[in-house]
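In the two assemblies presented below, chain A is common to both, partnered first by chain B and then by chain C.
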Partner chain A sequence: MELSKQIIIWRLLLLDGLPQTFRLALISIGSAFSLGILLGVVRSKKWPVVQQVLSVYLGIVRGIPFLLLLLLVYFNTPVKGVFKVSVVTLTIYNSAYIAEIIRGGIIGLGENQFKAGKSLGMNSLEVIWYVVLPQVLNYTMPALLGQMVILVKGTATCSAIGYTEITRSGTIAMEAYGSPHIIYLEIMLVYFVMCHILTTIGKHFEAKGKLKMLGKR
Partner chain B sequence: MDFNPKLFFRFFPQLLEGYFFTLQYAFIGIVFSILLGILIGMVMCLKIPVVNTILRWYIDIFRETPLIVQMYLLYYGLPYVGVLLPPAVAGMLAIIFNESAFTAEIVRGGIESIGLGQKKAARSLGFSRIQILLTILFPQAMKSIYPSLAGQGSFILKDTSLLTLVTITELTSVSRYLNSRYLIPGTAFIGSAIFYVVTFWAIQGVVSILQKRQKWN
Partner chain C sequence: MNNSDNSVIRIENLSKYYGSFHAIKDVSLDVHKGETHVICGPSGSGKSTMLFCINGIEKYQSGHVYFNGDLMTPKNIRHMRTKIGMVFQHFELFPHLTALQNVTIAPIKIQKRDREEAEDNARSLFKKVGLENRMDHFPYQLSGGQKQRIAILRALAMDPDIVLFDEPTSALDPEMVKDVLYVMKDLSTSGMTMIVVTHELGFAKEVASHITFFEDGQIVETKSPDEFFRGNGSERTKIFLNNIINV
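Then we have the complex of A and B:
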């Protein structure tokens, strides 16, 4: 492919597509993590009816493929516009996994932290906010960053309903200029860089966690 | 959301047909990705200098780029470099490569988590490195990783829904077709979601039974 075409394609990918991918990913990360942490905390509380309802809900959301969930939200809910649909779906899908991670973390932390907090005169909310969550977030960080990678990769699927992020702008470029093998390799490179940064941060947290276990800081 | 049970039963045969395709693709994907993943994971444990670096790149590239982009690359890109494959083969190859990278990491982690004592003991009995890997380390690792390998199954099942984007008929394509033909978004998408969720729960059930048995042992 000539250089001039190559420059046009890179401009399409990086100036049109990539900012939209970032916008979608950042907003969805914010909402998915907020909802996921909330659901995870509620789930760990073991309130009788809420517990069963949540467990069925999470089971259903985790059982539906992301693409099908996207189509479900797109065609069946009053949410309008591909961007909003994408954000809502990414939030629903990823918050279910984040909730399970957080619940596992809270169970792993044990009851003693709750009791210690209570004995200092904090109420339940304060215990969760000041005592439990900071610790849980710290040591589930590798898993949470892994989920973030899955979310970023999930934004590519949103191209299927017509949201113009980097994958879709690649498809548009392919329809105009051909050579899909080069274009999709370039898109893979962009995703690889984004996700590799997140994975590297995750590995850093993992190493830190191991050091802490050995008693070094 | 308008799920109509009457319509659901009317279109049940079509959905069931799509579901059988999905099961077929999922089965092929599970078998090949796990075989390839185990092979890659074991070769990585041998720590052969150059091969190891190549496999590391293979795993990182396939884990940190979206499956849908890999599918597009193989589906649209391969004909451009002179390789003509049927869509189903291109799509399945993407799923197999992608999930084998995840499986390889699971296998490698399982083997490396076995204590050094086993290795040294076998060494002192005169086993070669490949013998140690095949007859001593791998069977022990299998014991701890088979629940996560079974968990891979549910991910592959959900991955097959992306095949609809490269023109392959399976459950999601059937519901997309029903929706565009009869305009029944509620019944079509919720109907196929039921199939996925039931299968997902069946796999989860098997995994939790395996895990319980493992704890028992």
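Then we have the complex of A and C:
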């Protein structure tokens, strides 16, 4: 492929597609983690009805493929616009996994830390905020990070409903210039670099957290 | 209810069930200002459970707890807990916080005290127990004895009216036990009201004002240390004492 074509394609990918991928990923990470942590905390409580409803909900969300959930939100809900649909779907899907990670972390923490917080006069929310979450987020960092990478990769699927992130930019470029074998490789490279950077940053924080609480690297 | 008798904690007919298991059976206990009340008895008898009922961390099905003469209710319990210190068998320091932060978190965040004042207060507490050079350490960097002393400081930093100890030395290496007991004796002599669940009968002999023998979810008897160790108590207490002394 000629160099001029290549430049046009890279401009399409990096200047049109990539910022949209970032935008979608960042907003979805924010909302998926907020909702996921909230659901995880609620799920760790033993509230009878809430518990059962949540368990069924999380089971369903985790039991269907992301693409189908995306189409379901797109066609069957009042949410309009491909960006909103993408954010909502990424949030619902990933928060379900994050909730289970957080719940596991809270159970692993044990009852006594709760008792210690309560004995100092903290209410449930204060115990969660000052005692439980700082520890649980630290302990579950590797799993949470993995979920974050899955979320970023999941943005690619949102091209299926027409959201122009980097994958769809590539498809558009391909329609104009051909050579899918090269363009898809290039897109792959971009995803790989993104996720690799994310993993590296995460490992840094993971090591820092472990060092702080356990004295280990 | 009036409080003319100076009781800091009064337990009236407290019962707790786990399902159909009657864990605490109609227990009543009075602890007055300045007393060090030791509770001993065999493992699994419900001593710790009862201790946790006192500040409502364990729920109970019937009976009442009064703190400084006021009935403890779900509404006022959190405020009361800020004045009832608690020390755990396994320390339960917060591992993500430094020693100093462990001691100041509740005064600052819950009692809404000024940060500087809380830290100054904490510093002088650390100095008292000889740990002023450990304030910036995280719990994993400390020995068990140091952790437990810091856990005691965490309770004291709230300026409590009473401190509850749940087997504070049973998770420690023998050598570290004396450091912790030293701090507790000091506290007792300085007039702090304390309830101590422990197997440390030496400690009980030295500083307890009352010793309660607890078994099978109920109080067998409460004696002064003199009477308790002289064997003036019930047959069951004598057997317990013999078993402990003849190891």
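The rule we apply is simple: the second predicted complex is superposed on the first by the 200 of 217 C-alpha atoms of A that agree within 3 Å, B and C clash if a C-alpha of one lies under 4 Å from a C-alpha of the other, contacts with A are read in each partner's own complex, and residues count from 1 in each chain.
In this text, a residue touches a chain if its C-beta (ideal position, glycine included) is under 8 Å from a C-beta of that chain, and two chains touch if they have at least 3 such contacts.
All figures in this text were calculated on a predicted structure; none of them were measured in a lab.
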item: Which superposed partner A:T164 touches (first chain B, second chain C, both, neither); value: neither
item: Partner chain in contact with A:I60 - chain B first, chain C second, else both or neither; value: first
item: First (chain B), second (chain C), both or neither touched by A:N112; value: second
item: Partner chain in contact with A:Q6 - chain B first, chain C second, else both or neither; value: neither
item: Contacts of A:N138 with chain B and chain C, given as first, second, both or neither; value: second
item: First (chain B), second (chain C), both or neither touched by A:Y130; value: second
item: More chain A residues in contact - chain B or chain C; value: B
item: Overlapping contact positions on chain A, where the chain C interface meets the chain B interface; value: none
item: Complex contact set, residues of chain B against chain A; value: 1-2, 60-61, 63-70, 72-73, 76-78, 80-81, 154, 157-162, 164-165, 172, 175-176, 179, 185-186, 189-190, 192-193, 196-201, 204
item: Chain A - residues contacting chain C, complex; value: 112-113, 115-116, 118-123, 126, 130-131, 134-135, 138, 212-215
item: Interfacial residue positions of chain A with respect to chain B in the complex; value: 59-60, 62-69, 71-72, 75-77, 149, 153-154, 156-157, 159-160, 167, 170-171, 174, 178-181, 184-185, 187-188, 191-192, 195-196, 199
item: In the complex with chain A, residue positions of chain C that touch it; value: 52, 55, 57, 78-79, 81-82, 84-86, 88, 90, 92-96, 105-106, 109-111, 138, 140-141, 154-155, 158
